[in-house]
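What follows is subunit A paired twice: with subunit B in the first complex and subunit C in the second.
Up next, the complex of A and B:
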């Protein structure tokens, strides 16, 4: 479904991604792990169109998306849940969710928007309870649920998440990952970036390990988890 | 539109309708309706700035330039070329729109101090043009004998009629901006302010929304400029100098950038402070603005519009049983 080939990304003169390739199959749940500064967020930003790719290709269902810009990519059905949640704190929960459906404009999408909203509320009942509360007043876990819900409002076919476990209690992390598993069961394709590699590899079927701008390893999630060398070298024992 | 806003708007309209009569009856307030005309004109600019600064999260230190463009378009068009004032008002607004597009597209890529500096420089450039293009603008002497406005054959040449006219425009613009901010576009403005990364990830074109907010505020400033010259019948460059741009920012900060009510409140308060209440201080006036701004920024970061919430907070702290 998503295919990244030989991608090079620069921050000014800094060569952040040096020829990275990655594939996410239709209906799959793939994780990308690696240490701080390995380039995980850079890769996701390039995929979502927030950063320009200098070289290489990013294909979504066979179509090149690397030059479409963030708007076009969301419209094609790829939605990013950015790092650190980035909910709109001064807006109400319901307004945050409505912003997620920004590209589904006008009366003809009214029914679709309502359907998506019901779907998100069904997934995270706490958001419906707090729909008139300002997003900034939610707890960290609730904000992460809101960030995911907001991305789902764009009706994506592939959801890309940048460290959803960041700064959350272990119990909340487990809950979030469980929801991602359930979403995947319902047919949503997921690309999950995590520093919490163990947790991520448990929920994913396939994994990639990124190290200083290049792919260091890849394989079935179970195999990566049981490979002592990889665990020691990249995933902190 | 939100019901609360509509109710507030009705109360404001009623208060405004009664204001000139009140000013006549109460001794010492005779000049107040005239000052309120200026306050209304400035409110048009501050509401636009509130959308730009408070909601879309951008800054401009050059809005005096757009006020000047509107003012000079109306002045030159009517006094020099005898064109219809309403046509000139629209032409001025169109010119401001084009200039705002040309300036906004490159500068709104900048952030923080850099955006402030770029808009500041723009304001200064326009100010210099007004001074130097003597053949068109009359240079430092300015232009006089600018005719007044008339509406449906009715001459708006009295304080009373202009007061009602200006504040009707203010209420209409308020209604428009309030609706805009509650709409999809308004949410997008606030999203851009909240987090550009997240806004982009939602598929919001952030540069286009920044430019939209900038253009809206520029057109409103231009409209204010046109209304200003048709009332005072005179314009010179010093009306739209750098200090005016700064004063506009002081108005919205004082009133509260996150609120259209705050925009009006700030415009009214600063207009009265500088035209009536602080007149005795003369050049020391600027010092007092500085102090007021300092106090507001430190103690009332949400401006005067945030005062009710603050008072609630203080009251809550006073009653330990009620504290959450």
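Up next, the complex of A and C:
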């Protein structure tokens, strides 16, 4: 579904990603873990088209997307839920969700939009309750749900999430991971970046470990979880 | 009868103030639309007003067709100039920071003013009033129908923009670009296109202001800068980024100018407006209708 090959990304002169490769199979749920500053967000931003790739390829269902720009990549069915949620705080919850379906605007998609909205409200009933509230007034957990809901409104085939558990209470984290599991069950392909490696490896089937701009390890999630060396070296025990 | 005369005069000043205030408000709204999407203060905003008036005058003169057919044409022409401003002056800037982009708009305003002087010369131009120049008597004051047109058009602009930003998905997308451009891109909004749209919209509104005020106060190549200063004053007065603030600030500034000119001396009308502006900024630096917290969030 998604295939990254030998990707190099720079911030000016800073070489942030030094030849990273990664693969997410159709219908899979893959996680990417790694310490602070390893380059996880950089990789996701490059995949989503927010950062240019200096070298290497990013393919979505066989098609090269690395020069399409963020808007074009959403249209291709890949949505990023960015680090730190980044909801539109000055707009209402319902507006945030409607904007998620920006590419499906216009009368001919009306039914589809309604279907997606019902689906999102079904997943996160709190969003329906708060639909007329400004997004900036929501709690962190609710904002994260909104950020995921907004991405789902674009009807993606692959959802990419950057640390959805950041700064949230364990109970909320569990709820969000549960929803991701359910979405995956329904056929959505997921790439999940987490610092909370244990939690992420528990929901994922395959995992990658990123360290200072390069892949340090990869394997079945279960194998990574039980590999004492990897746990010690990269995942904080 | 002394009382009666004073009251009449006050009504007259009020009408004059609300009229010019409506123009300031429209200029301020134009500033706001671009500022809200890009954080740029477009110093060519006054030039849009000037061009609206002059292009309208020329089109009326050349084509001699009914007024309301020419009006959209003149607006369209200025909107086109707004689009060009974005394409030629804003987008090509290599390292776009808010400051360099503002400089680009200043350069563009000088260029537009120079071009207008070459094309139209230094003489002021007139445009036929929308519905004649027979005054209407109101509370003893005589009002030009055009005064009502000016205020009415401000009302229409406010209504249309309220609908646009409040109820349409493209309007919300523009707000989203201002709120968080990279998140906007992640939902598929083409931010550059929204910036272009913001320039087009403000140019159109500026043109409309110029078209509707020309029958009352004529128009020449040199009027843009002063209109921009007043509109900017209105904007600061009401609170940068706030649309109700722009309207309130514009009308207040227009009113103060008009009463000051009428009751004290017309030589000092700009002074009254500026002193009032300074006082407000001294007491409430974020403007009348804007909270300090919001003002701090913006990078200005």
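The rule we apply is simple: the second predicted complex is superposed on the first by the 237 of 237 C-alpha atoms of A that agree within 3 Å, B and C clash if a C-alpha of one lies under 4 Å from a C-alpha of the other, contacts with A are read in each partner's own complex, and residues count from 1 in each chain.
Everything below uses one rule, namely that a residue touches a chain if its C-beta (ideal position, glycine included) is under 8 Å from a C-beta of that chain, and two chains touch if they have at least 3 such contacts.
As the structure is a prediction and not an experimental result, all values here were calculated from the model.
Q: Mind checking subunit B and subunit C on superposed subunit A, clash or fit?
A: They clash.
Q: Classify the contacts of A:50 with the two partner chains as first (subunit B alone), second (subunit C alone), both, or neither.
A: It touches subunit B and subunit C both.
Q: Looking at the overlay, does A:169 come into contact with subunit B only (first), subunit C only (second), both, or neither?
A: neither
Q: Check whether A:103 is in contact with subunit B, with subunit C, with both or with neither, and answer first, second, both or neither.
A: The answer is both, since A:103 touches subunit B and subunit C.
Q: According to the stated criteria, A:86 is in contact with first (subunit B), second (subunit C), both, or neither; which is it?
A: It touches subunit B and subunit C both.
Q: For A:70, is the partner it touches subunit B (first), subunit C (second), both, or none of the two (neither)?
A: Both partners, subunit B and subunit C.
Q: Which residues of subunit A are in contact with subunit B in one complex and with subunit C in the other?
A: Common to the two interfaces on subunit A: residues 48-50, 70-71, 74-75, 79-80, 82, 86-91, 95, 98-100, 102-103, 105, 150-151, 154.
Q: Can you tell me which positions in subunit A touch subunit B when the two form their complex?
A: Within the complex, subunit A touches subunit B at residues 48-50, 70-71, 73-75, 79-82, 86-91, 95, 98-100, 102-103, 105, 147, 150-151, 154.
Q: State the interface residues of subunit B toward subunit A in the complex, per the touch definition above.
A: 184, 187-188, 190-191, 193-195, 197-205, 258
Q: Can you list the residues on subunit C that touch subunit A in the complex?
A: 169-170, 172-173, 175-176, 178-180, 182-190
Q: What residues on subunit A touch subunit C, complex-wise?
A: So the residues of subunit A in touch with subunit C come to 48-50, 69-71, 74-75, 79-80, 82, 86-91, 95, 98-100, 102-103, 105, 150-151, 153-154.
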